[in-house]
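First subunit A sits with subunit B, and in the next complex the same chain sits with subunit C.
Take a look at the complex of A and B:
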């Protein structure tokens, strides 16, 4: 029995954990087979899309009417479409569009949602009520119906797709941030900050935001596949990306018309869509498990 | 029946070693609980006492691994029990009372459902089970058991819920009753009642009992035998009379010494674990000029009222009246410079609301708080800011009061940043503040979650004194701390007071602590002060019945003053 180590100051007491939660979390992510699988899918996808300009053998918009509906060959890895465009190149550029839309829309929605959520939680009751009613009203609109309604008014474009997706995702983040911020605001350390005289700005940025942003980023990463699928859906319905730009949804739409003649077009656009959705979902779930201290015991 | 060698003890733990992954939770623990005996398992947090109770119940988490030894319940090795065996045992012959009865009782079932469901093994009719449930509830002292059978756990008070837990545990007349900190969450007066009840029921049923606690006083008044655990190793074991009367192990001696209830004389410096346990106690009455009444009052609270209201909206049409709780009513108190005043009361008496009102986290409805020539209740939010430099508050939860994503060095200097106090080197200032509270440089870059309760409490104190306030409001500064750490923190607060002359408003329900460190005591009951006086006069001749009840309710570990055992 040693009592010497129970003196007043114990710099090396056993409860000291590694302060670097980030490396612990990523370590745990790499121990999760699902996480590694998701990570591989996502990084492949990101690599292929970012370097589409180098990898793609053809210009995705280059029309070659002599080579329509080619089956896959060494010249055209995934064949050609009804205008003789190289499907493989188009799929690569489609990935670029998908990722651009997904990241921009998710990030913007997260930023706006966080701002509104924290304002609602911290602000006076009447402001809270207004923001919550506003968010719930937006949430009541189905995405597709909204897109079909505003698409013809503004004219389909990449900006419109992102705009619609941001608009419909904001309530999701706003609501969750508001709840998370409310629970942080009830803790003793926030009382302690107020008792010390800390102002709104300081409490919000130094104490509330850092304590909710981690889980929010993970939630956003799980939302990316939803946004990718939504973009594809909108483009498929003709209210999204317009030619000459490419999108998986657009390719599906065009391929669908010739599905009896050649199934390649639909497959070439469908497979990457499935890979993207699976990859981001796996990665998101693994991230959540790896960084959520509560799930530690479950594995 | 003479000494029965054939019959094994109710519970026999032999050479049990248990680990959670790489952490050794229990090593070589042996313990016998004989028939009809009450065994107290005492230890501080992390000593492995709850692990022992859970191992006995077969409720260990998946990562726990028993590396050696065995647990035998009535002669059977519990390691060999399968799910069906456990169902036969738990809740029938081996029952459990937890610390938190609100979490232990299923929230969607009525008391009646809970009490009759637990009798599922018996072949009696529904009416018989119900009658038995009501009889048991009556036995545990629950008023109007018939009506309460229809109520839900959240509609009961903490004490009532604990009575229900006890009723559920004793109804099946178990052979072994395991109670894990069953009285810790209760106020002192309630604690005494529950201990009395447990004792009666135990002798009525004739069961054995394992009582896990960190409270030495409870062990002295309830148990026959005691096992002292520290870091998973048994330090001492024997009858309560032997162990508490003449402790042998150094750890037991220290533990008993550190309990402020054990020290008869008033002392400003409490013993700590780093003292030599065999040296005579040092009684420190503090500087001679600590007579405060001559000094001008620093803060003057007059007729303070604080009410929590919820107005009914459209629900008023359906008869919802909303609610109105008078948390503090007509309270008056004045505090002088450099004095320590303790506000004592049970949970719900309004003491924390009073503290929050003083530091401006809660608005007062009526009355005044005069401080530095201003009435704090009339100040706007912006005007209050300057006052916050002079009044610091320490919150109850040691770790929870520190912002989790900030390092200690940032936390302690944050008041300087907030108030724009010129400081050339924040790092150096943080180091200086930490040194004042006895923490070395290695703590500078820690996060709150990587500290123990005592360490986090020191950081809170360092932050509180950063701006050299004139008053510190300390809300339960020893809550959640082990007895050995408690002394260190209180000594530190006293030292800082001696050095700076800061006034301290101490909010607590722990009278044993109050007796030693405060100059005056204010007894709070239902939002009002019943009496205010010097510590000596309140303890020597309390004027109110409630004060008397409160003082006598503090269970005493000194063996001579508690009832005899045999």
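Take a look at the complex of A and C:
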């Protein structure tokens, strides 16, 4: 969840980015058991998804009608589905989709939100008002319900999923960047910079951005599990990824249809999603604790 | 305070109008027009024109939005394309089910999250604090979709403790409550951890303030200091988060309603989308957007009542 009042972003405690600080932060991360656990889960997941083509024991689309609804075995680690396709192989390819959506949507939203937030903070009052009202308007849509409304009309696709997730995440980044940038702009050294003749461009890139980018990246990393879950949810509802592409949400949808016949199928389909959300959440939390000194003190 | 409320409410109304208009623009700018999609490939141009006229889609854009909003004000959201029923009446029939689900989820989130966070803050690094920290993080991002499905398999299919489908018999309160447990937990449990951490952090911060020290120096009983002074300010961020959280819970309710085959506006929306029942989807978007803006506005107002500093900052 990306909300304004979380302790993950504190405009009053900007992270000073120096190599020393960075290595101290990573040291803290590696000494936090939850952080290490998250890091292991995430790197395993990323590795297995990226190399799905090599690791997957079967073609994810290969149908084998003689082996339908198999329970897990050494041949099929997560069993087979209603068409006899290997669930483990499908899960690996589903991971590619999930990661693609998560990273693309999160970074696009972060970039657009940062741009809008800084523009609002720096621009004239009327522009600030327009941007804030625009962001608040977008935030008024419940994500899933908006996706259901526009999904069928634009046609469900990977682009649509990313588009909806970017659209609905931008306000959260935008509002926080605006608040953070405003508090940086109010400090005395920015006044001094202006007095010495520094332009908007220099102040933005030399002072404002470096001061807010650290907390924003941490916030983005905590948003990744939310985006992964949203992609699965939209695909489950039929407004996300469509076959022949694979998605964890699609697998859950198939499994759910056969829940009375064999609950195993839907359980197996949920496992990668559980691992991904746990891994990214643990890692995001640990990153925040490691790099935000204030939250560290509070713990 | 009255001025503050008026400002917030009028801003809320403006946002709802903007949001609905924006959605209209999006739908109209879509590649295929909704009417031919609703009628399917075998529609004749006359059929398309007739339905366009019935939905008011042959009018200029601003007139359409105006008609839709004017209708919404008088409780007229058009007619269900398939059954001809009044959309507003159908939504009002389904809405209580969803509200019950979201309120139950809110109750679970606040009823467990706030005490847990409070206890953790007062006993930092105790085993309850550590355990609640780990559990909070684990459930925080767990999608309600997964919680609903796994919960159903474990408690309905395997253990047979809780019913799997429906909302219970009309008029039988206990039966309805029985049916509400699983979906409400699926929607609300993720927020327990979220609120617990939020309250914990806010509480630790407030407890370190000078006026708490001051209150203690006056010799006020610790209970009084904690519950009357500290907790009061520490719940403020919780209220903001819950205000925004209702929107996410509405999304969670869509999954819970579909999986547990419960009536409600989420299920209605889903069925409306599958059947390309355009007035239904527009109506549900309008109602859910109003709900979301209303809760955010309400949480701002409650916060301003609790903490006068916020009121000053906004006025």
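In this text, the second predicted complex is superposed on the first by the 275 of 299 C-alpha atoms of A that agree within 3 Å, B and C clash if a C-alpha of one lies under 4 Å from a C-alpha of the other, contacts with A are read in each partner's own complex, and residues count from 1 in each chain.
Throughout what follows, contacts are C-beta pairs under 8 Å (C-beta built on N, C-alpha and C of every residue); 3 or more make two chains touch, one makes a residue touch a chain.
Not measured: the values here are computed from a predicted model.
Once the two complexes are overlaid on the shared chain, A:198 sits against subunit B while remaining clear of subunit C. More residues of subunit A lie in touch with C than with the remaining chain of the pair subunit B and subunit C. In the superposition on chain A, A:145 makes contact with subunit C only, not with subunit B. Legend: residue contacts after superposition of the two complexes on their common chain; A:154 is shown touching subunit C, with no touch to subunit B.
Once the two complexes are overlaid on the shared chain, A:229 sits against subunit C while remaining clear of subunit B. In the superposition on chain A, contact of A:210 is made with subunit B only, not with subunit C.
By the touch criterion stated above, A:75 is placed in contact with neither subunit B nor subunit C. Of the residues of subunit A, those at positions 1, 3, 6-7 touch subunit B in one of the two structures and subunit C in the other. The touching residues of subunit B, when paired with subunit A in their complex, are 23, 61-63, 230, 233, 235, 249-251, 254, 272-274, 356, 359-361, 384-385, 388-389, 392-393, 395-397, 400-406, 414-415, 418-419, 438-440, 442-443, 445-447, 449-452, 454-455, 460, 463, 484, 488.
Residues 1, 3-7, 34, 133, 136-146, 148-155, 225-226, 229, 232-233, 236-239, 249, 252, 255-256, 259, 263, 266-267, 270, 273-274, 277-278, 280-282, 285, 295, 298 of subunit A are the ones that touch subunit C when the two sit in their complex.
Across the interface of their complex, subunit A is touched by residues 11, 14-16, 18-19, 22-23, 26-27, 30-32, 34, 37, 134, 137-138, 140-143, 145-146, 149-150, 152-153, 157-158, 194, 198, 201, 204-205, 237, 240-241, 244-245, 247-248, 250-251, 254-255, 258-259, 266, 269-270, 273-274, 276, 281-282, 284-285, 288-289, 292-293, 296 of subunit C. Residue ranges of subunit A in contact with subunit B, taken from their complex: 1, 3, 6-11, 13-17, 19, 187-189, 191-199, 202, 206-207, 210-211, 297.
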